[in-house]
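Quick one: structure below, then a few questions.
Naming follows writing order (A, B, C, D and E), and every chain is counted from residue 1.
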Amino acid sequence: MNLAKVVGTVVSTQKEESLVGLKFLILQKIDLEGAPADGTLVAVDAVDAGPGEIVLFATGSSGRQTVRTDKRPCDAVVMAIVDSWEVAGQTKYKKGVND
Amino acid sequence: MNLAKVVGTVVSTQKEESLVGLKFLILQKIDLEGAPADGTLVAVDAVDAGPGEIVLFATGSSGRQTVRTDKRPCDAVVMAIVDSWEVAGQTKYKKGVND
Amino acid sequence: MNLAKVVGTVVSTQKEESLVGLKFLILQKIDLEGAPADGTLVAVDAVDAGPGEIVLFATGSSGRQTVRTDKRPCDAVVMAIVDSWEVAGQTKYKKGVND
Amino acid sequence: MNLAKVVGTVVSTQKEESLVGLKFLILQKIDLEGAPADGTLVAVDAVDAGPGEIVLFATGSSGRQTVRTDKRPCDAVVMAIVDSWEVAGQTKYKKGVND
Amino acid sequence: MNLAKVVGTVVSTQKEESLVGLKFLILQKIDLEGAPADGTLVAVDAVDAGPGEIVLFATGSSGRQTVRTDKRPCDAVVMAIVDSWEVAGQTKYKKGVND
């Protein structure tokens, strides 16, 4: 998994039928300081994440191990909204404080 | 998943039999501004995407979770045609407008 | 698998239900000399690894082949705590000595 | 999938038993102009590809979705020999012409 | 798959139980000339490879398709010991000669 920030959404009407009803989020990867890191991706939302939220995403076949993405052609899923993280005993991010 | 533009096609007659009838699209990855990004790939078309269209593709085993690609030796699939996307509340692409 | 050092943790309450009770560790990849290498990631702990410990992690679907992560949307798992490693017959790290 | 040129072969007698009889090809990735791109890999041949031929290869679990590679420890397979490809309506390669 | 040289081993006693008895090898990737290439990894040995030997390794779920690694949290396996390889009709490595 990796840390990312939800920065946008993608809309698609013509798609594989099993994807109907899923929300495609645009994620900006972030580093351990919360700063943007190289790389963006599109992931399906499994946890009702909103714009600007810091999340964890899982890729590959693990992207299909949620109720919403099971057996879908989905290779990345937002499976957790981050409350906080710490590195070497120091809090680097706390939701509502560092947003 | 990632954003890409359909820029070409690959033709092959001598191939694994399960691939007969599938269409191989050449994809140019694009960034969140719609500009070409590093990397091209070949993906099977699951949604009748045409040349020049902006699409989403899924890779790995998720590339096989469509009706057309199930159980095929296919590691990338175009599973959605993009109507629009927005970043930080701003529309970055709208089909028919930014093409 | 790759070598990494446990440098932190991520806390999340709003997440896919199957993830409840799992611990998310922040890993810093390290090279064969034990120095930090490019790349950090978040992995689920399957072996009660603690902060500062040197571990092995597995990614992709292999990240789900532990008792704790089976069928979870987890794409990286800490599946071993490293006692030592050697390169070309020379010990590069020994737990308790090089920590 | 990606485009590549078959540039060599690997011989191994001591190997996992399920791999006996398979042919290991060395592939040089190529770009959309047919020029060598960064990266080489070894793939199992599923379509009787010969030296110098331009092929498509699939990686990951999709590398096992051919009759020859099913359930084998094989993470890359040559699943198609390329006849031609075109980009933006222009033929970039035609077998027998651009070889 | 890719070519690599076995350069070391990792020892771990506290690990996922299904991994007991497996040998973790440190691999240095090599290029087609046999020179060290960017990247090292840790792979489970499925073929009794020894230090200094040139091998092929498979990654991802294919890393579990050997008798020894089946259903284990193992994302890389040494599945073949290399006797020789050739590029463009020229032998680049022959075991016992180029070691």
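The rule we apply is simple: contacts are C-beta pairs under 8 Å (C-beta built on N, C-alpha and C of every residue); 3 or more make two chains touch, one makes a residue touch a chain.
Predicted model only: the values in this text are computed from it and were never measured.
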> Tell me, which chains sit next to both subunit D and subunit E?
Replying inline: none
> Approximately how many whole Å separate the CA-defined centres of subunit B and subunit D?
Replying inline: 21
>> Based only on mean CA positions, could you tell me how far subunit A sits from subunit E in angstrom?
In response: 33
>> Show the residues in subunit C shared as contacts by 2 or more other chains, in ascending order.
In response: 59-61, 63-64
> Mapping chain-to-chain touches, which pattern fits: line, ring, star, complete or other?
Replying inline: ring
> How does the ring run, chain by chain, when subunit A comes first and subunit C comes next?
Replying inline: A, C, E, D, B
>> Under the definition above, what is the set of subunit C residues touching subunit A in their complex?
In response: 7-19, 24, 26, 40-44, 51, 59-61, 63-64, 71-76
>> Which stretch or stretches of subunit E touch subunit D in the complex?
In response: 1-3, 31-32, 46-48, 56, 58-67, 69, 77, 79-89, 92
